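Labels for the chains are A, B, C, D and E, by order of writing; each one numbers its residues from 1.
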Amino acid sequence: AEPIRLGAFLAVTGKGAFLGDPEKKTLETYVEKISGEGGVLGRKVELIVYDTGSEAKEALTFVKRLIEQDKVDAIIGGTSTGETMAVIREVEAAAVPFISLAGAAEIVEPVKKWVFKTPHTDRLAVEKLFTDMKARGLTKIGILSGPGGFDKSCRTNAMALAPAKGLTIVADETHGAGDTDMTPQLTRIKGAPGLQAFLYCGFGAPTSIVAKNVRQIGLGVPHYQTHGSASMSFIQGAEGAAEGVRLPAAALLVVDQLPADHPQKAVATAYRDAYTERYKEPISTFGGHAYDGLFIVLEAIKRAGGTDKAKVRDEIEKTNRFIGADGIFTMSPTDHLGLDTASFVMVEVKDGTWLLLN
Amino acid sequence: MSADFLQFLFSGITQGACYALVGLGFSIIYNASQVINFAQGEFVMIAGMAAVGLIDAGAPFVLALAAGVALTVVVGVALEKFAIEPARNASVVTLIIITIGASIFLRGAAELLGGRGFRSMPAFSGNEPIVIGGAALLPQSLWVLGVTVVIIFALGRFFNATMHGKAMLATAYNPVMAQLMGINTRLVLSLSFALAALLGGIAGVLIAPLSLTYSTVGVMLGLKGFCAAILGGLGKPMGAIAGGLLVGVSEAMTAGYLSSAYKDAVAFVIILVVLVVLPGGLFGGRSVERV
Amino acid sequence: MSSPPISAREAAIAEPLLEVQGLEARYGPIRALADVSLAIADGGLVTLIGGNGAGKTTLLRVLSGLLPAAAGTIRLAGQDITALAASARVRLGLIQVPEGRQVLAPLSIEDNLLLGGYTRTRREQAEGLEQAYAMFPALEQRRRTAAGLLSGGQQQMLAIARALMAKPRLLLLDEPSMGLSPILVDEVFETIVRLAAAGTTVFVVEQNAFRALSIAEHAYVLEAGRIILEGAAGALKSDHRVREAYLGL
Amino acid sequence: MASLWQPRTGGLLALAGVVAGLPLILPNAFYYDVAILVGINATVCVGLNLLIGYAGQISLGHAGFFALGAYASAVLTGDHGWPPLAALAAGAAGVGMLSFVLAQPILKLKGHYLAMGTLGLGIIISIVLNQEAGLTGGPDGMPVPSLRALGHTVAGEHAWYALVGLVLIVSVWLTLNLIDSPVGRALQAVHGSESAAALTGVDVIRYKVLVFVVSAVLASLAGSLFAHYAGFITPAEASFARSIELVTMVVLGGMASTFGAVVGAAVLTILPQALTAFQDFKMLVFGAVLMGTMIFLRKGLVPTLAGLIRNRMRSGRA
Amino acid sequence: MTLLRVENLSKSFGPTPAIEDLSFAISLGTIHSIIGPNGAGKTTLFNLISGLYRPTSGTIWFDDADITALPPHRRARCGLSRTFQNLQIFLNLSALDNVMVGYHLACDGRFLPSLLRLPSVVRRDRDYRERAVALMRFVGLEAFVDAAADAMPYGALKRLELARALAVQPKMLLLDEPAAGLNPKETAELDFLIQQIAAQGITVVLVEHDMRLVWSVSNHILVLDHGRKLTEGTGWEIRHNEDVVAAYLGEGGRHR
C-alpha cells in the first residue's frame, strides 16, 4: 500500500539546532521503528525532513514543498515560534493537519482549524516558575533574557503574569546573540532594590554562561531558568555553577525519579531508552515534543482509518488522554494543545543532575 | 571607582581582548593578501571544539589544547592552499566570498564531527573568581589578557622590525613587486594563514572556558573581531587591540549604564561615529594614494 | 619542427649570461610575443627599443617570470630558468626595475629599499642603503615618508635604487628615465654605464632611444612582438629605419 | 534592427522570454514559490549590483533596507490599516530618505571601512527590529495582510509570479537603461578613479549617494513585496547573514553584470533547495560549491561563461 | 588677457611646504610650461589648480572668478581639465567609454531621463559617441576604439587620457608629463597635437621633463624649485639661466 507520508521542517542546524536536532533524531528513531514493525494500518511510514537552518524565512518554502511536491499527509514542525507562524497561512489554505513543536501560546490561541501543538506554552512554564517562587516567598524578581524568540516570549509572559501572581519585576535586562559574558547585566540585576530571585530566559550555551557568571559575581539569590535549560549540557557546561538552579520541565527529564504509578512513567522510560540506544547521547525534553507530535498524528490516522486530511484533523482534535512525553493530552475544538500545568514538574540541579522537587 | 564600574570594566576588557585576538587574525591575513578572511571566527571555533573533544576523549589537558591549536593551523594552511591560492589572481571581493564559503564549509564539518550541542572546557586555573575592589574577575580572563599582551608585542615586533614582517606587507601591497624583490609570495601567503589560524586557535582555546564551544560560536566572535580590526585600522596589530577593547568596553558600559537591549547597537553607533571622524580607523593613518 | 633561427650574434657570444630562444607570450587569446630570440653577454649592456605596445614590457615580464612563457626557453648562465618562479630568479641575481615604478605605497622609503635587498644579508643591506642615499639624496631626506606620497620622479629614483639594493647580476630596466628631470636622466644613464663597467649585465628598455643607443653595445628592435632588427648599437643609431621609426629624425 | 540585438535588448528579451515561458514547465506551487523568491532576490541584487558592481561601493547592510521595506508594509497595512500600495510607497520613501541621510557620511568611507560602516547600519536596523517587539513582534515576527490594489487581492502563486516577474523585468530594464547612459558611465567612472571622474565634471558624492539610495529603495520595494507575498516576516530578513547572502549573489553571478545579478540570485536561491538531498552534509556541500564556483569562475558565472562563449565563437570564426 | 591667476599659494603636507607663496598668471591662448626638479611641486600645483588639494593659503582665480573653494567637478564645469602623471584611467570601462565620461557635462547627467532612456538622451549619446570616436582618431587611437581600457599599452593610455581631457571641452588643459614613456617619434606627434589643441583656442599648461618638447611648444616657462618660483620667462631666457641649469637642466638639458 501507499506509505503514509509525514513531513517535517525543523531547525536542525543554526541557533535553534539545540532544539531541532533532538526533534529530528526522535522522529527518525520512531519512524524507522514503526515502519520496521509493520507500519500503521499496514502502511509504511515515510518521513521527509527539511532543515530550516533556524531561519524563519526558509520555513514557508519548505512547507510549500512538503505540501505541493512531497504531497505529505501531515506536517510536524516549526521548531521555533517564528518558523511556525510563518507557515500558518499556507497550512490553513492548503488544509493539511499540522502539529507545531514551538512554544508560544499564540500558535493555538486563537484556535486555527489545522494547527495544533505539543510543547507546553511558555506561559505555562512561567506560571509554574512563579508558583514556585511565590511558595518560597520570593516576590522581587530580576530577569535576564536572550535575543531569541523563545527568550523574548518567556520574558514577555513573565512581565504579563507577574502582577497577577503578586510578583514585581525589579530588573529587566537582555543580552545579545553570541555574547560570552553577561556580568554587566547581572551586576545591574544584583544592584536592583530588594532583589529576591533571578530568572534567566534563554536556551543553549548562554544558559551555562549565565550560571557561571552568576557564581562569578556572587549574585546570592535563588536562581531560576526555564525549560530551555532542560538538558544535561546545561549542567555540564556550567561546570558546577548550575547547582541549585531550579527550572520547570516535562516529567520526561526526571523519568527515573518519577513514582512507579506516575502515568507517564512507562512512556517516558521507553522513549528515553529508545533515543539513547539509537544516538548514544542523553535525551533532552525537546525531542519529547516531536515524540508527542508524531504519535498524536499517527494515532489520529489510525482512528481515521486512513490519511484523509479532514478526517485526520478531526481525529487529532479528538485526542483524548493521550499519554506522551510532554504530558497527557486532551484536545478539543477550543484547545489545540490540550496540556495543563500538572504535566510540568519543577526540578533542581543537585550533585550534577536533576532532582525532582516534591 | 565604584565596584559596579570595575565589574563592567573587567567584563569589557575581557570581551574586548577576545575580540582583539580574533581581530588580529583578520589583520594578519589582510596584511599579506588584502583579503578579509570571514572564516577567521571558524578558526576560533575549530580550536575550541577540537580541544574539548580531545579532553572528553581523555587526552591530557595541555596536549589537547596544543592539538586543538595545531589542527587549526593545519586547517588555515589548507584553506590557503586549496581555496585561496588557486584563485590567486581573483579580485578581493571574490576572495572574500571564497572565505565565506569556507566558513560555511567548516561549520558544516564541525557539526558533523562535533555535534550540534554545546560543551564547556575547564578553565586553565579554576573558576574561583578573584575579587578586586568589589568586582569579580575570573582567572581565565587574566589568561586571555595576558596572552593577548604577549601576542601584541610579538606581532608588533614581527611587522615593524623583521624582514619577514615587511615581506608580508610587501606581498599584500603589491604581490608582483614582492616577487620581483625575491619574496616567495606563495610561502608568505601560506605563512600568513598559518599565523592567523594560530592566533585564532589560541584565541579559541583561551576563550572556550568563557564562551563554551559549539559550531556557531565563531560567527559572532568573527563579526566582532572584524569590527575590532576595522575600527583600529586594518592591518595594524595595535589597532586591532585598541578596536577590540573599545568595542568590548563600550558594550559592557552600555549594558551597565544605558540599556542592555541596545548594547550591541550602541557599540555599532560608536564604530560608525569613529569611522566618520577617522575614515581609516583609530590607527589607520592617512591614505597614501596620490594622483 | 624547425629550430628557431640563431643569429650571428648568438653564435658569436661564446657564453651568454642570458639566452632566450623562440620565446612566445600570450595574454589570453592575444599573442604579445612571437619567436623572440636574443642573447646577452656577461657584463654586456644591451638595449631594446620599440614603439608603444610593441611588447617590450611583456618581454621583461616573461624574463622575470611574472608572465609564463607560452613557448621557448630562457637560460641564465646556462641554467634553464623558463619554469622558475619569479622570486627564485631574483635569487639568481635577475633583477627588474618594472614599468610604472611599482613602489610599495604605504611603506616608507627605507622599507622599500630594504625590501629591495630582501635576498641580501643585513650587512649588504646597510651598505646598499648608504649607496642608494648617496646616489639620490632626495630619498634620504624623506626616508620615513610613505613611498606612495613621493612625487613621480622621486618614486622612479626609489625604483632604481631599490633594484640596486639587490646587487643584480643581470639588471632589467623598463624605461628607467621616465619622469626624471634632465639632470637625473643624465645621472641614471651614467649609472647604467658605470654598473656595466663594474661587471653588471644590463638589459635596458628605453623610449629615449637615442640615449639608449648611445650607451649600449648592442641593440634589439621589437615590433609587434617580434625582433625585427638587431645589431651593434652604434650601427642601429644610424640605420635609417630606426631613425625614422624611433628617433623621429 | 541592429539596435535590437544589442546585448541589452537581446538580454532583456531573453529574460522576458524565460519569465513568460517558465510557467509552462513549473509543475506546482512549490516551484512557483522558489521562482517568486528568485524574482524578489534578483530585484534586490540588480539594484545592489549597481552599487557594488558598477559604482564599486560595497554594502554589507542591504538586508536592513529590504527588511525596513517589509516591516513598513507589515506595520502600516496591518496595524494602521493603510492601503498596501500606500504603505509600500511610504516604506520606499522612508528608506530613500534614511539612506540619503546616512549615505553622505558613510560613503566617505572606502573599501573595507565602507563594508564595516554599512554592516553596522544593517545590524543596527536588525537590532531595532528585534527589540521593538511592540511594533514588530520581536524575533518571532509579525503577520502581513495580503496585497490588495485597485480592488483586487493578489493571491495565489500565479498572480504573484506574474507580479514579481513584471517587477523584475521592469527593474532590469530600468537598470540597463541607467548603465548605458551618462549616469551609468559616471557611476563606473567613480569606480575607476574618483579624481579623474571629478575632473571630468562628475559630482562624485552626488552619484555615490544617488546609487546608494536607488539600490536601497529597490531593496525596500522588494522587501514590501516579499512581506505581502510571504504573509509573515521576521527580523531575520535584516540579519547580517542575509546581507552577506545578497552580496554573494551579486558576486557569484558576476559583478557589473545585470544579468549576472539575476543569475546569481537564482542560483543561490535554488541551491539550498537542491541540496536538501544531502541532508546532514548540506552545509558542507553548500560551502564547497560556493568556494568551487568562485575559484573556477572567479569573475562570476555570467561574465566567465560569456567570455568562454565569445572565445569559442572567435576561434570558431578564425 | 589672463585666464588663470595664482596668488600667494601655499600647500604643505606636514612640516615642509610642497608649494610656498607662489604667484603667477597664465594668459589665454598660450602654451605655458612648468618645469622643475623632481619633487619641486609641479604635480601638487596641478592638484591645487584642479581642486584635488585644498591650499593651505592663497587664492586661485580662473576666468575672473575665485575658484579656490570650488570642488573639482565644479572646476571642470568652469572649463578646467587635466591629465595625470599617475594615469587615472577608468580601467573598468572601454576606451571609448572613457572618452564618453569626458563628455559627461555635455551629456544629460540627470537621473530620470537616463533611467527612462528618453529619446533626447539617446540622441545626445549617439552624437557624442561619434564625436568621441573622432576625438580618439585625433589623438591617434583609431585602433583602440573598441578596446577594453585594461588591455591597452601604456603609451595608448596616455593618449586616452588626453582624449578624455579634451572631451571636457576645456578652456584650459593641464598636461602632467604627457611625453613620459613616449619615444622621440611619438613625442614629435604629441608636439604637433599640442600645437593643434592650442590652435583651437585652448590654453595649455604643460608639466614636462622632455626638454625637446618644452623648448619646442612653450610660449612661456615657469620654473619651480622646492615649491617656490625659481624664475619665469621665455625658452631662451630659461635655457640661459644658470640657476635653472644648475638645479634642473644640467648641461645636457640645456642643449637638447
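Operating definition for what follows: contacts are C-beta pairs under 8 Å (C-beta built on N, C-alpha and C of every residue); 3 or more make two chains touch, one makes a residue touch a chain.
Keep in mind it's a predicted model, so treat the numbers as computed, not measured.
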*From chain A, how many touching-chain steps at minimum until you land on chain E?*
2
*Based on CA centres, what chain would you say lies at the far end from chain D?*
C
*chain A to chain B: how many Å between their CA centres?*
35
*Using mean C-alpha positions as chain centres, tell me how far chain B is from chain D in Å, no decimals.*
31
*Provide the C-alpha centroid distance between chain B and chain E, rounded to the nearest whole angstrom.*
47
*Where the centres are mean C-alpha positions, what is the separation of chain A from chain C, in Å?*
74
*Which residues does chain B have that touch at least 2 chains other than itself?*
111, 223, 261, 264, 290-291
*What are the residue numbers in chain A that touch two or more other chains?*
12-13, 174, 176
*Multi-partner residues of chain D (each touching 2 or more other chains)*: 127, 131, 193, 195-196, 280, 282-283
*Residues of chain B defined as touching chain E within the complex*: 290-291
*Flag every residue of chain A that touches chain D in the complex, lowest number first.*
12-13, 49-51, 55-58, 60-61, 64-65, 67-69, 80-82, 85-90, 104, 147-149, 151-153, 156, 174, 176
_List of chain D residues in touch with chain A within their complex_ = 27-31, 33-34, 37, 127, 130-131, 133, 138-141, 143, 230-234, 236-237, 272-273, 276, 279-280, 282-283
_Quick check on the complex: what are the chain D residues that touch chain B?_
52, 58, 105-106, 108-110, 112-113, 115-117, 119-121, 123-124, 127-128, 131, 193, 195-196, 240, 244, 247-248, 251-252, 255, 280-291, 294-295, 298-300
*If you look only at chain D, which of its residues touch chain E in the complex?*
56, 174, 177-178, 180-186, 188-189, 191-193, 195-204, 210, 256
